[in-house]
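You will see two complexes here that share chain A, one where it goes with chain B and one where it goes with chain C.
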Partner chain A sequence: MSRGIRINEWLLMYVLSVVVALGVSSVVVEATGGDWWPVLEALVEGSLLAPGRWGETLGVAVPLVLVALGTVISSKAGLVNIGQEGQLLMGAAFAVYFGFLLGGPGVINLVVVMMAGALGGAVWASVAGLLRFWRGVPEVLSTLLLVVVASQAVGYGLKQQWLLLEPGADRGNRNQVSQQLASGNRVPRLDFFGNQFPVTVFVAVVLALLVAFMLARTVWGMRLRMLGHNHMAAHRVGVSATSYGLAALGVGGAFAGLAGAAMFAGGGFSFGNYQLGPGFADNIGWTGLLVALVARERVLVVPAVAFVFAGLRTGAGFVNSTGVESRITEVVQALLVLALLLPPAVVFLRTRRQARSVALLKA
Partner chain B sequence: MRGAGSHDSEVPVVELCGITKRFGDITACEQVDLTLHRGRIHGILGENGAGKSTLMKGLIGLVLPDAGLIRVNGQICAIHDPLIAAELGIAMVHQHFSLVEHLTVWENVALGESGRLNSTEVRRSIEEIVDLYGLEVDYDAQVGELSVGLRQRVEIIKCLCRDPDVLVLDEPTSVLTPDESAELFSTLREVVAEKGSAVGLVSHKLDEVLSVTDEITVMRDGRVVASMLTEQVEAGHLAKAMVGREVALSSLSQGSEEPESFKRVFKQQASPLRVGVAGVVDTPVLQLEGVTGRGRGQAMPLNNLSLELYAGEIVGVAGVAGSGQRTLADLLSSLVSLDAGRVLVNGTEVLAGKPGAMAKAGVAVISEDRHDSGVVLEMSVAENLFMATPHRVARCGVINQAQAHRIAREMINEFSISCSGPEAPMWSLSGGSRQRVVLARELAASPDVLVAAQPTGGLDVGAIEYIIECFQQAVTTGMAVLWISSDLEEILSLSQRMLVMAEGRIVGEMSKAEASLEALSELMDGGSQR
Partner chain C sequence: MNFVSAAGDVFSSESTYINCMLFAGLLGFAATGEWVAERSGTLNISVEAMLLNGAFAGAVGYHLFDWVGVAMCFGALGGWFIAFLQAQMSHRLTADQFVVGLTLNILVLGLTGFLDREIQPKAAFAARLEIPLLAELPWVGQALFGAPWPFYLLYGLVPLAWWLVFRTRWGLELRAAGENPQSADVSGVEVNLRRRQGIYFAGIASGLGGAYFLVTRLADFDSSAIGGRGFIAIAAVVFGGWTLWGTMAGCVLFAGALSFQLSLQGLGYEFNTELLQALPFLVTIGAMAVFARRVRAPVALAQPFIRGLK
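== the complex of A and B ==
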């Protein structure tokens, strides 16, 4: 009665589903008049092999890791937060607003930006949290709908100079973007063999370790998990669903907000070039949610999965240059994401069936 | 003894030969043989996890045996689906009912039929059954609104409507009052007499198997350890076969000549230590004053309930299912809040419904449904042991893993919890071991009050014996025990004072001296007439 799946079984499943996805992708590419081999080559080149690309991929992975960590925390408490995209955008907006409002020299400003980002995400997620615990609004709905509100609110802010819009530039018909972060206030970048990446990479890894430790080895983490698994038992021993639930959503949102701030202050050309503008979040919130799903809520697996998803993103840029239509590239990308989601889904169904037979036995 | 004549001459209706079933490393059934004859009730007796239920599930196609074969009316059958079993005329009344609460009685009976739903026809067939066996039931009532006893009646009607040759009942009396059980058994007798059906009765209760069956098969650890005609059986011998050693238990008390060491233990503490030092009357450790409040879901609300519990006594709260016992336990688990009344622990008011308030005040609970609020299946044994008092093994909010494992190992040894270690996931433990984990955790908090809600439900005699021993030990240290149960004999033999609960209130109190099974039973039923 082993509930655990052996590692080679996992590998086999992943290899199989990726191969199938690549097969279907190649058929799609060929059918639409493209060549599948160059597409595949471009994907690998663009994410790993071409000069400077793996650094780029690392940089993209940072916000994905942060978003996924927050998602894991919320879902450990049994809450389904799917509004990371909006929380991330709000985080970025807070980071921009407070970063320029408070100013300050280099590193201090950077810290302000990061903290403001976390605050923004936390506030946005807490709106859903308050609705959930005061009025019983399902957090699945509220977090999702707040994504739309966030994007409208930030859009409004980007039209107001006293909020986010770059000051002194009121000529008409221009992009509504924020001021650009001064070069001294940006996240420092490291250079390895021509690969540049922001130091937030290390921050993300440290945070992943920290979250893993917190969930597994602290009383708070244990009580949070208890709440997620059995809220009755948790209630009886004194875990308040309201305070722990609010905290879990808030911290989850803070991570998404931090991701937004990290994209703003350290994303470089991958994300808005140190400026907040329309379409800034660029699906990083949604992708981060997928990362958490594929990692099946295991914190230490999150960075690896995030790197793979980041690779799909950076690789797609190169695929576009092969002349294949961008819609088709997106189909290929989506198929590969599906391939990564399939094994966890299969295992989920299998454990559930197994659990049922165990229950039958115990009955 | 009441069977339909000699059964050697005819082909048995069901023959199970060498049935073996494994779930992973666990062997549920090993080479089990069992024969059911027409017109006879066959008791399948054994402790929890002995493989009784698995065996029966194999017969009706819910479990596919790994080896062995099944003959129905002499023909070898592959029953890999309950539908096949139904076609062969085998029906089962499950331990956990398979009724849809939101549907009416007749709709539930019709469930599983194919073709057009003809309500008049279904009602007519229900009426036939009702007339034949006197099973009164309102077939337009919603099942969710019926008492547990009535639900089981519906379940039985559902089976009988299909006119089965073989009727299997899995622990049918675990939710019934003594009167309801007696009624059930007389119905079974009628079914056997009228239709000549074969009945398989799965149970872990010795006395009921002894009183209603014609033949008995005893299972232990997945094997048949004894098989005999009921008239030739001795109770003591049967208990020994079932557990594998000598046992002393009150549930044998009906008509058996063994007063048991069990009872002797209880007599040693005849009177509660209500009068403290210097003759001053103690304050009760637990006091409920006119508590009124809704229960969770469909549970009976509490209706102006008052009770007092003093240090060092065991007080039994008797009542049928649906009398509000569950809500009382929920109240003391902080799971429900109150509309009126107060709860005082050691003279201090405790806010009902506030997370962890009762536990913090010193009220430990062994809950009726372990999986509901007792354990977290997905977490480890160690975590389950410390979830109420994590600060015992943590410093500054960080859990000291080495210390946690050391203490957990001590508790595992002390309470003989069978598991692979402190890190074993809770779901990998058997029901009895899970209950021991709960017990270990709740006692470790050294509470003032221990609330035990149906603590022996679904447990085998060995585990029950152990739990009772623990409670005995606990009261000697001044702990007070509130024993909430629908098992009257258990309450009678254990408690020094008995309260009877009905309709969310305490309707009567008796001392050990004046209490009897009949008196308690009368009070319980009197209160439950609705």
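== the complex of A and C ==
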């Protein structure tokens, strides 16, 4: 193992970078006159220890996992989809629209809602996909710009009764929200020792396993990875960049849209009251994207990272009581992502240096 | 609700051009910097973070020294700081440039939001500076030559960027790094160094842009103030086909779309607000859909250079 890096070295570097990220966050808090330790305590308390909190965290982790899975699929194909926030919102809007349009009893309606959500996300991502492969617009930009368009489109829909707005005569200036999902059509919630979470938790885990299998063990997955690693080679063996690229973006968007539908039908403390309203997406799309970045395309790591980031979000509610602005959790999140980029990069450089010195010795 | 007559009113009103140039200034600073970075081969999406951090640093600078000049300097430094992080992580270490850029965007959004609530820096508007005679031109005179003084920095910055990129050895090496890094490397050009410097230029320019926006439009810093306009600046570079003058034309076009809502409101018209808010982004996407295939990007754009690989 002269060139390899031992596992405890990896572990040490990861621990070190997490410590650095938390250290920088603490400096930010202390420099603005706050106290870091209570903030940390509040985070742990609010995400895990206080009654009912870890169930809440699990519930928040579900859409994060879904978004991150979609991100992994599109980035395996070498595409940079960073518009999950918009795709998620579009998914939720489709879910609301078709859910109430088609109706149906209990579980059937729930399935309709989920399918419509996936469809909405896929449609929105496919717009970027079509622009990429038909008009040569970089998908990095189009997916991003479409986020703003999506939020404005949904905002418009929430003002129109024939689209998303709750029907009702003479509503006056009430808040613009959609109809509420009937209690029989919601995602069932389980109760473990006072912790409630939606059953979509299990769906998310199953989907993660499925995606891992698809990517690692099927022809489709292999072609996708081939396209991502070397598009020239993929072209030579007959993998169409257009059809596989479009599919990868579409499926990625579908996962984000599914996340939106799951938020809508899963409800709970964090995601509104089984209604679509202003600010619904609430950065879940962006956070899910960060989860995928931290997991570095390893599908099975995604749920763990998602749980940590969900914890930062549920813990944020408790941070305000310490007198420190709760947006500090966004800072902690981004710093963690940046810090976790470091170990692989450092190891890469080190292996190259060692390789060079070995080559020089032989010469 | 006659759209045509409204548009006619808008185009014949002087305030329209003033609003347009206000946003064109923001886009212009950012896009000039972004253009340099992209010619060196980096698709630098942290320009949003650079703008926002520039605006925030500018606010802090004004808060401390009570002078717009200091605010601009602080803004440039603030933008450069983000550029430093971006450059070191993506072009010294080998982290993916999009990942780094995106994370920086989110980091700066959170950080400035947090710090803004904690220290609440206060800034003010910059003084207008009228250039005699030119400012009296019909329609565009006030917009181009009666602007707040930081706007005029753009008149220096754009030719400077052009001269640096096309008329200096540094610029030649920078472009070589963006077109064919392997060949540039064997001719003795330090590819990643040039790319880092390109990003630094983008950071300083965008930081100035952020501070400019602060002292011309915001005065009171707000972390949602940039709101995706950095990405429009990137799109302006794509729209302009990676030429500087095309990029500037893109800035003016997109700024027109950005300021359209403001101008309409100023003239007392009411339209669908969602459509108006989405309009600049739709125009940007549409313009890229039409033009993206007709132009030639730097060959190595967004491709990392690691010696000995590929």
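Throughout what follows, the second predicted complex is superposed on the first by the 315 of 363 C-alpha atoms of A that agree within 3 Å, B and C clash if a C-alpha of one lies under 4 Å from a C-alpha of the other, contacts with A are read in each partner's own complex, and residues count from 1 in each chain.
By definition in this document, contacts are C-beta pairs under 8 Å (C-beta built on N, C-alpha and C of every residue); 3 or more make two chains touch, one makes a residue touch a chain.
Keep in mind the model is a prediction, meaning the values are calculated, not measured.
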| item | value |
| --- | --- |
| Dominant toucher of chain A (residue count), chain B or chain C | C |
| Partner chain(s) touched by A:233 [first = chain B, second = chain C, both, neither] | first |
| Which superposed partner A:241 touches (first chain B, second chain C, both, neither) | first |
| Partner chain(s) touched by A:144 [first = chain B, second = chain C, both, neither] | second |
| First, second, both or neither for A:341, with chain B first and chain C second | second |
| Partner chain(s) touched by A:18 [first = chain B, second = chain C, both, neither] | neither |
| Partner chain in contact with A:220 - chain B first, chain C second, else both or neither | first |
| A:80 touches, of chain B and chain C: first, second, both or neither? | second |
| Which superposed partner A:33 touches (first chain B, second chain C, both, neither) | second |
| Which of chain B and chain C A:155 touches, first, second, both or neither | second |
| Chain A positions touched by chain B in one structure and by chain C in the second | none |
| List of chain C residues in touch with chain A within their complex | 43, 45, 85, 89, 93-95, 98-100, 102-104, 106-107, 109-111, 113-115, 117-119, 227-228, 231-232, 234-235, 238, 272, 274-275, 277-278, 281-282, 284-285, 288-290, 292-293, 302, 308 |
| Residues of chain A that touch chain C when the two form their complex | 28, 32-34, 80, 82, 131, 135-138, 140-142, 144-149, 152-153, 155-156, 159, 286, 289-290, 293, 325, 327-331, 333-335, 337-338, 341-342, 344-346, 348-349, 352 |
| Residue ranges of chain A touching chain B (in the complex, touch as defined) | 1-3, 217-220, 222-223, 225-226, 229-230, 232-241, 355, 357-358, 360-363 |
| Chain B residues touching chain A - in the complex, by the definition given at the top | 23-26, 28, 49, 53-54, 57, 62-63, 95-96, 333-335, 355-360, 365, 367, 371-379, 383, 387-388, 390-391, 394, 397-399, 401, 425, 427-428, 430-431 |
